[in-house]
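Lettered A, B, C and D in written order, each chain numbered from 1.
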């Protein structure tokens, strides 16, 4: 009994960890720039492919993948913001949705063209493979309890990423500018801050986090051209449930959803729609989401 | 636009007749531009879908990313009726469309309170919820991943619904529904829908029950999706689970935007273009046709927010401007 | 008009979307001078200030704005701010979600800086007391104080005050009036827009009255203050 | 007879009293002005009246019926129409269409699924729209897209929109803001004509004292969320409290 509850809890956290990594960037970009990025899932997809390629390349390896993929995605994010998104700040939200939706299709189809439509095998590194005998560390567990090591690493990476991002936002000047910019970017401009420059960095940062998600999450999920879209809908729901533009909300919502899926796993009919049910309930009874600020995109 | 003497319906005759003539003569000319029999039927079905979508997006200003929910619901109910009740398409289509209407009332009630991106994301979520229900929760009825197979040949009383018969049926339905759409857009009801897009607050302060108009506009748009979904099953008696998926929702978004929102004519053009592109032009492009289409779509959103219709009027302007 | 004017607007036309708000105005302000920009609601005063601060809206479609030899016309808002323009907006725009002190720090992220925190706190002891508090939880008067302090945290060449007394109780108005007087003594060039015309005119050297986006009177503040006819005709007081 | 009664209405925004214990009675058929310095609470009061804001305490009765808790469209259907400070119109539609919307709403109430309208059945509405446009002097411009109108004409159009709905009472938020003097004069005449012709009660929030004094039958003065003076124009003109409120606590020398 203790064991199964513990394992469900752990699985819930681990599922939540992936959602956090994908939706955090989405929430960050929406909260600061007010842009709904339908191509965010595609960024995850790109990162997962890059992870496969770099980790298996002769010149590469897993260590290289972990370092390079987020950096490349950061660059990609900068390129995307400067080359495309910034022209859409003044256009209606629906246009932003449409153009990023178009970009998502182009990326997805481009990768399908180059890599084929099939799932690419994405092996975990030696140091992250195998299982972890949890009962050896946690005395309250009864008998033999093991968990795939990589999933534990993924959960840890996710938590560390969240911690680092929050520290960046809370304790640095850059973070102060971003937090203030989320609330009133025009006033910041009037105080001499070139906020668009910083927002470009924020956008790239959001995409880079999707990069982390891709390289660490890829071995757990699949690596195929459609994977981005598979994760896009739930991560949007995470952002909506948590409250548009609220990062703590996104984290909270991710874990709630992860746990809900994990604990309903024995009832497949429910497990597949639990995310939607939660989203509908939240939106009916608390339209601004769990931790959404009053008046922000309500 | 309302003219002085309020004779705003006479204007419908010419476009509807043209539309009818173009569609009815399709079997005679379509093959000369690389089309084949069957594709024309599919184009007409998608045209119906796109007309309804434009009422919602182009006139009312709501971008739904979950319209597959209505297309799919209707398709499934039509399929189930054919399978379990009777192979006559009349009761099947009726039940299919009614199911889409009921679904639209539920989803519309829950999503229309929000506007803009919220509405888009919510409709996407509802659509995907139904999709995953079809795949898992309800798979005993829907056939899950395999879809609904083994449907009998649809009949309209004694007439087998195959080939040309299906084509002419869909064309007649399309003409009627295009005419109705024009009437709706030209009516006071349509004026209210446009007013919602223009200034919802002012409309409320003019004493108009905006929420009811929005719901009705949404349901009307779902009726078009439902009719299209039902006709798709008559055309090809097999219900694919993709009929419920976001891909289908995305497709109708793409064709409507490509053609030019808020014009009725544009989305029809967009639907025809997209299917022609997918089935005829793709032969030259290979598997990358969707990549090219995605790029065309992006370019349209960036440079031509008014779609083909805007392109047309720009060209016309340039030509008449140059002719001076 | 002379070319040497410290600050000048020439033939300025500004639009909100298709609405033509500021319809070709020209005026100058000398260094250290205070200009009162008066007129009824909707006359285009706030739009003029927003245009000078180079806000995204309104769009300036014609005309030029120069400050101390720099052409502001094509600048972005942050560039204008760096060139020495500081707007204290009508609704004060204290940034929510961050503290009083952070609201001040944020003004000092880009060069050139003005007063440091110590000097600000010495001048506004009330802000020191509340520096850890969220800025928007301050009272109206304190928020106005913070808004002015935030502007002083930058190196100001011209200060734009939009309705500094709006919505404040008379006692608080007195207090803010004191602060504006100090600004005058510091010799900071200022344009002040105020509904309370008498209060603004007492501080100002020059006055401009706008109506429907055009300047209908331009002259000394004293003249407006003393001429009952002028006031009745243009300001309805 | 009182058409609108406001009883003990208070509203706080984050500890700041925007309205404190406001009591106000508007007589039917009058033009009643609300004046006061910026931030006095006039807009807040107006928002309470049209259902945009819920007050913390108090009641508002329109023709004896409570207004509070009703949706904006219901309040409008009771006969209470509002003209906004920045003209709220249907920007991308023609002038005639703008007013036709209101005319249809007047005929059909809050909602009607009248998709199969015929030219004959639509005619009375179109005629009403044209007549109303004629009343406000916009008939010639009926085919112009609303966003192309001048600011004064936009305001006129918004008034036509409200009038076509045949309200009993019109709330006007600074009807002459941003207008040149000639336009202001025209607006005063227009409002006077509307009031004389239709017997429509009007509540006007206005800064321009010329407008206030030439139009109003009755004036209420607000300052800091409270009514500090009430009376006919002549009483208000010399009222010391009013002068004080306007001049920031100092009487002029």
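We take it that a residue touches a chain if its C-beta (ideal position, glycine included) is under 8 Å from a C-beta of that chain, and two chains touch if they have at least 3 such contacts.
Values in this document were obtained by computation on a predicted structure and should not be read as measured data.
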Contacting chain B as well as chain C are chains A, D
Between B-D and C-D, more C-beta pairs in contact link B-D
Rounded to the nearest Å, the gap between Cα centres of chain A and chain C is 44
Cα centroid separation, chain A vs chain B, in Å, comes to 33
Within chain D, the set of residues that touch 2 or more other chains is none
Among all residues of chain B, those touching at least two other chains are none
Where chain A touches two or more other chains at once, the residues are none
So the touching chain pairs work out to A-B, A-C, B-D, C-D
The answer for chain D against chain C in the complex is residues 14-16, 37-39, 147-148, 151, 174, 177-181, 183, 207-210, 224, 246-250, 252
As the complex stands, chain B meets chain A at residues 63, 65, 110, 113-114, 116-118, 120-122, 124-126, 128-129, 132-133, 135-137, 246, 250, 253, 257, 287-288, 290-291, 293-295, 297-298, 301-302, 305
Per the touch rule above, chain C residues touching chain A in the complex are 53, 55-56, 76-78, 81-82, 86-87, 89, 93, 95-98, 102-103, 105-107, 109-111, 150, 154
Residue positions on chain B within touch of chain D in the complex are 1-2, 4-9, 180, 183-184, 187-192, 194-195, 198-199, 201-210, 212-213, 216
As the complex stands, chain D meets chain B at residues 50, 71-73, 76-77, 81-82, 84, 88-94, 96-97, 100-102, 104-106, 108-119, 122-123, 125-126, 130, 142-143, 161-162, 165
